[in-house]
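Paired with chain B in one complex and with chain C in the other, chain A is shared by the two complexes that follow.
For the complex of A and B:
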């Protein structure tokens, strides 16, 4: 598999990369096909319980995924301008701006998706999501189903929160059944739960192979593969593809190969969403210095493993942006220790208030506990106007120098 | 007339000296709990025999808070944290911070490390607040606040006391609604004055504030009504307390005849109604709240509400005062703008933050707006 990466030969259809890429593309194709058949399709926020549409057999598209794709292909600024012309402030999350623009213009060369008949909104990643979907629902005049999962200021999820969220899961299922005529069956739910568990276990196992030195993969891979974890976790193909991914990483460990090209001199954890418009610049800035980003919170975040409905409810209350500083910190500390991470690189993401709003303090606490250096750079996941390559280079260089001096190197 | 002046001065004095107020209450051996925005359950603090003191930050330079918040977090959050770090709340027993927007969630998390001597008490509100499960979750949130307050202050909670406090708060709500309407007949009361009346409410025990407002209303009704030639404005936003901005409105003969501002009338839209227990009554009050950017409403009722205020008060236009980096408001702005356009209601967007010193652009914008309204 590593040869494939090195020689850039046509992708092997049996490779995880090919399979995962196909699942991500098929999601749009399948949704369009469902729409063409006259079925109702939804737009869905990324951490909405995918088990619900999956069990009901409803096709959904993920605006955040689309926005990331549009941004990576260079369309971010163009779409942001469309919504800004409508009065949206350029301080609003760029995913929201891109999607609100798309909902209006309905066609982009970068990535299209079918128009929605309903919206599935879950705010366990941010409350910005509620505002964004409210406006979509109003503009498109379609129903919005909300599952409110509040930010949890405590380490553990309280019984009151589980009860509240569970009641909303039930309500959402009922609303969707009435709206679409599809039926929830326990049997199908069990199946989805099993696939979701299998996919999650394989993902956790694959990402944990970073514990080896050198790591069998370049962490930027995770940024691409996570789309499948978010959107297709409950599908059989996803489980199979993730298992292939794990197998490939294991093979790399045995053969000493890696999808990280060049010598792995340093290992870092990357914090935040990728700068999609500058994926190449951000990745080259690391690679050229022999830095492998071996892990990110995504490695841990998408392990949705649970045994029953209540377990599922709890899992959705425990996603990264819904947990308090101490819990979020400890998750990162664990990843850092298990994967022998030497530095922390933080993306202060102009789009994401919640992710960046207490990251400075969390970084200090992580750095102190793990005795590693940390630096931050300013950027944006999708609006290209908020990133400076020069600043990025300077910060990464600074991080490299500290990591080198700690090793007693040159 | 002097009675009126004196009455107004009281509001101005209190509005401009929250720290003095805090000190006064502490000197009277009262415990004070700081209440961050928005919809913090002050009634609970009050019922436990303490003084709830609101804060919406201050117009100060941000230094220390910068090491916690990135620059793109609103100045309300930045300055509340800055005040905390600087010791401006010294002596307070706790701070309650609800988490109704993403920036508020972050304030609580940052508070824990930066202001260690004032315990952070979270209030987690549901967005799906109207259904029974939502009310139950609000109630559980209140119970948690009570437990944390008991631990932090040693005071205890009693549902019967809460009934009394709710009555005091309901009375205050009513008087504030009455005041807002009453002021419309008295164009000599400036926008600066009006703000002082609203702002002072956060720094006082509510029955004291009610008494002051009643005095003011009675002084007003003693004065002779004069012709009102002012331009009638509805304001909407989170915070409209910048004196420079308010003076610009006054200089341009504008009168705020109604508002849907979070730190002003949004506080007083809804009363708590009787329920099985006082705590249930408070939970239902939150469920009934609406027309606010931080409260989920799929119909975007806030847009029609704004339009409704304009027609109810025969206003000439709307001024949307945007607190920079406030994303809930930034989303609602687009909907309010559309709703106003449909009804041909002129709307002006003014963006402010607490560190702003130069209001010349705002002045020009307001002057131009005035021309349109004429």
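For the complex of A and C:
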């Protein structure tokens, strides 16, 4: 018997996976190149309107994206410890702890990014973001531009809220023009808006193909691809790559193929940020039982469709962590019904108090309306100390057994 | 396994199917199949008490509340988070501090005049609380009753989230502890059934499940 080692075939450069991966990687390379040219570059929170730096031609990096990458490659605990040694509580978001540590040590083998000249912060994702960025601004002695989009207790976004947030968008643009010398043009904004619309429509179309049984894709793919939706939506390459992704999923539907390997016995919705340090364990726990995570709220949340500036403002007021429980519930119920979901798996994420906090009641309401079982497991998006594989396995197996018994098995 | 077979005067060949359950279920090589303790407790309890609709299982490593639908099928469950508070291990730790066997707790709890207030959020904090309560002159009986209330209040929170539907049955080792059972009845305002074999319900469910597998194959050893 030969000792032949199976080589991985090189990735197809025309595939969506390759293109989307390249966009995510290039974001760091482009930011470093801009920095090397002497341009000012920023760090940006994930739900800050990407259209603003994109239209101004400013390169930005996303600390949350970097922290997820560091955590997935095993560096989460090391960096969390650096921040905790500096006095940050281990109760605060692990992305914040990792990034504050990175701002101090400035080098990691997992993923580096250039030092920022300004910070762009928006609290529509959480309020921890404000203190995190304030501390960065103080530590690095750089300006911080903040857009305040408060949690909306009403179902719909009011005109008053749009007016309040729009004024801040305008002010942020003015501040950035003054700071960097770059100029906002309506022509460039129209172009960015068009690409953002194309990217979003392709994303929504691609993720909606999960309505087919079996689904043409493994839902864990979405956790990787969404990085492009967050950071590069307004780029031409992103629009083209997402359109390729949709085409590939359509081809899979026609040929009966899927990126989910093995028989799709059950279909679930996954709630929460991925448990990056244990991505393999959490994914294998599902795959080994024939469970495909066919959808997540990301499938809906990152489809930013709008026609003008006011529409863009409204879209940013309507992101998942800023909307009320009933609205958030209805979005998930729609995904569950459209995609024939049989169970709800909730990541009680110690880092994300806001998201995990309202999931207990939302899970109850979703399960009652859709008549599906729901299960929660403890974990963390980036701190590996908050997850127990045995506890996860028992919960997932329990969920599987309930789904099987509902189908008349077990 | 050899010890069990010897006691039952059986050999491995007499067993058609071995079903493993519990946290070690995946590492037990002689098993033909494995099933979570959630399903096993549900099967075991329903076999002995078919009218039960809510099962509270407090074991060594975790606490869980199972809801059974009208067809007698497990339809949802809720488990404790990572902290050991609210589990059997919590009682073990407390019995150890009080230097008494865990099965002594029930008798002593009955003698309490006014249960002490013991934290329900963390086992280690509760341990230091017990020591300081005793140091300040609280009676052992009142402290033990406080410990039972602490477990009950934590598990009652889970049960209320799942939704209590009668009849309610308690399985797992902690069911033997009348102090916890009575505190739970008080918290939930429903009678709680149990049996001397409550701790065996998971094993019984696994055995029933193994039997069902053999029946499916259609070949049973005589």
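By definition in this document, the second predicted complex is superposed on the first by the 401 of 410 C-alpha atoms of A that agree within 3 Å, B and C clash if a C-alpha of one lies under 4 Å from a C-alpha of the other, contacts with A are read in each partner's own complex, and residues count from 1 in each chain.
Simple rule for what comes next: contacts are C-beta pairs under 8 Å (C-beta built on N, C-alpha and C of every residue); 3 or more make two chains touch, one makes a residue touch a chain.
Computed from a predicted structure; not experimentally measured.
Once the structures are superposed on A, label A:178 by its partner contacts, choosing first (chain B), second (chain C), both or neither.
In the superposition, A:178 contacts neither chain B nor chain C.
If you stack the two complexes on chain A, which partner ends up touching A:360: first (chain B), second (chain C), both, or neither?
Both chain B and chain C are touched by A:360.
Touch check for A:348: first (chain B), second (chain C), both, or neither?
In the superposed model, A:348 contacts both chain B and chain C.
Which partner, chain B or chain C, touches the larger number of chain A residues?
Tallying touched residues of chain A, the top partner is B.
Should A:86 be classified as contacting the first partner (chain B), the second (chain C), both, or neither?
Only chain B is touched by A:86; chain C is not.
Which partner does A:374 contact after superposing on A: first (chain B), second (chain C), both, neither?
Second partner only.
After superposition on the shared chain, which partner residues are touched by A:325: those of chain B (first), chain C (second), both, or neither?
First partner only, chain B.
If you stack the two complexes on chain A, which partner ends up touching A:123: first (chain B), second (chain C), both, or neither?
It touches chain B, and chain C stays clear.
Under the stated touch criterion, which partner chain does A:156 make contact with: chain B (first), chain C (second), both, or neither?
Once the two structures are laid over each other on A, A:156 reaches no partner at all.
I'd like to know which partner A:308 touches here: chain B for first, chain C for second, both or neither.
It touches nothing on chain B or chain C.
Would you tell me the residues on chain A in contact with chain B in one complex that are also in contact with chain C in the other?
The overlap between the chain B and chain C interfaces on chain A comprises residues 348, 360.
Give every residue of chain B touching chain A within the complex, in rising order.
Touch list, chain B to chain A: 67-70, 72-73, 99-103, 105-106, 108-110, 112-114, 122, 124-128, 131, 133-134, 136-137, 140-141, 144, 293-294, 296-300, 322, 324-325, 327-328, 330-335, 337.
Spell out the residues on chain A that touch chain C in their complex, using ranges where they run on.
My answer: residues 348, 360, 364, 367, 373-376, 378, 386, 388, 390-391, 393-395, 397-398, 401-402, 405-406, 410.
What part of chain A is in contact with chain B in the complex they form?
86-89, 91-93, 96, 123, 126-128, 130-132, 134-135, 137-138, 144, 146-148, 150-154, 158, 160-161, 163-164, 167-168, 171, 324-325, 348, 350, 353-354, 356-361, 365
If we count contacts the way the header does, which residues on chain C are in touch with chain A in the complex?
Counting only chain C, the residues touching chain A are 23, 26, 35-39, 62, 73-79, 81-82, 161.
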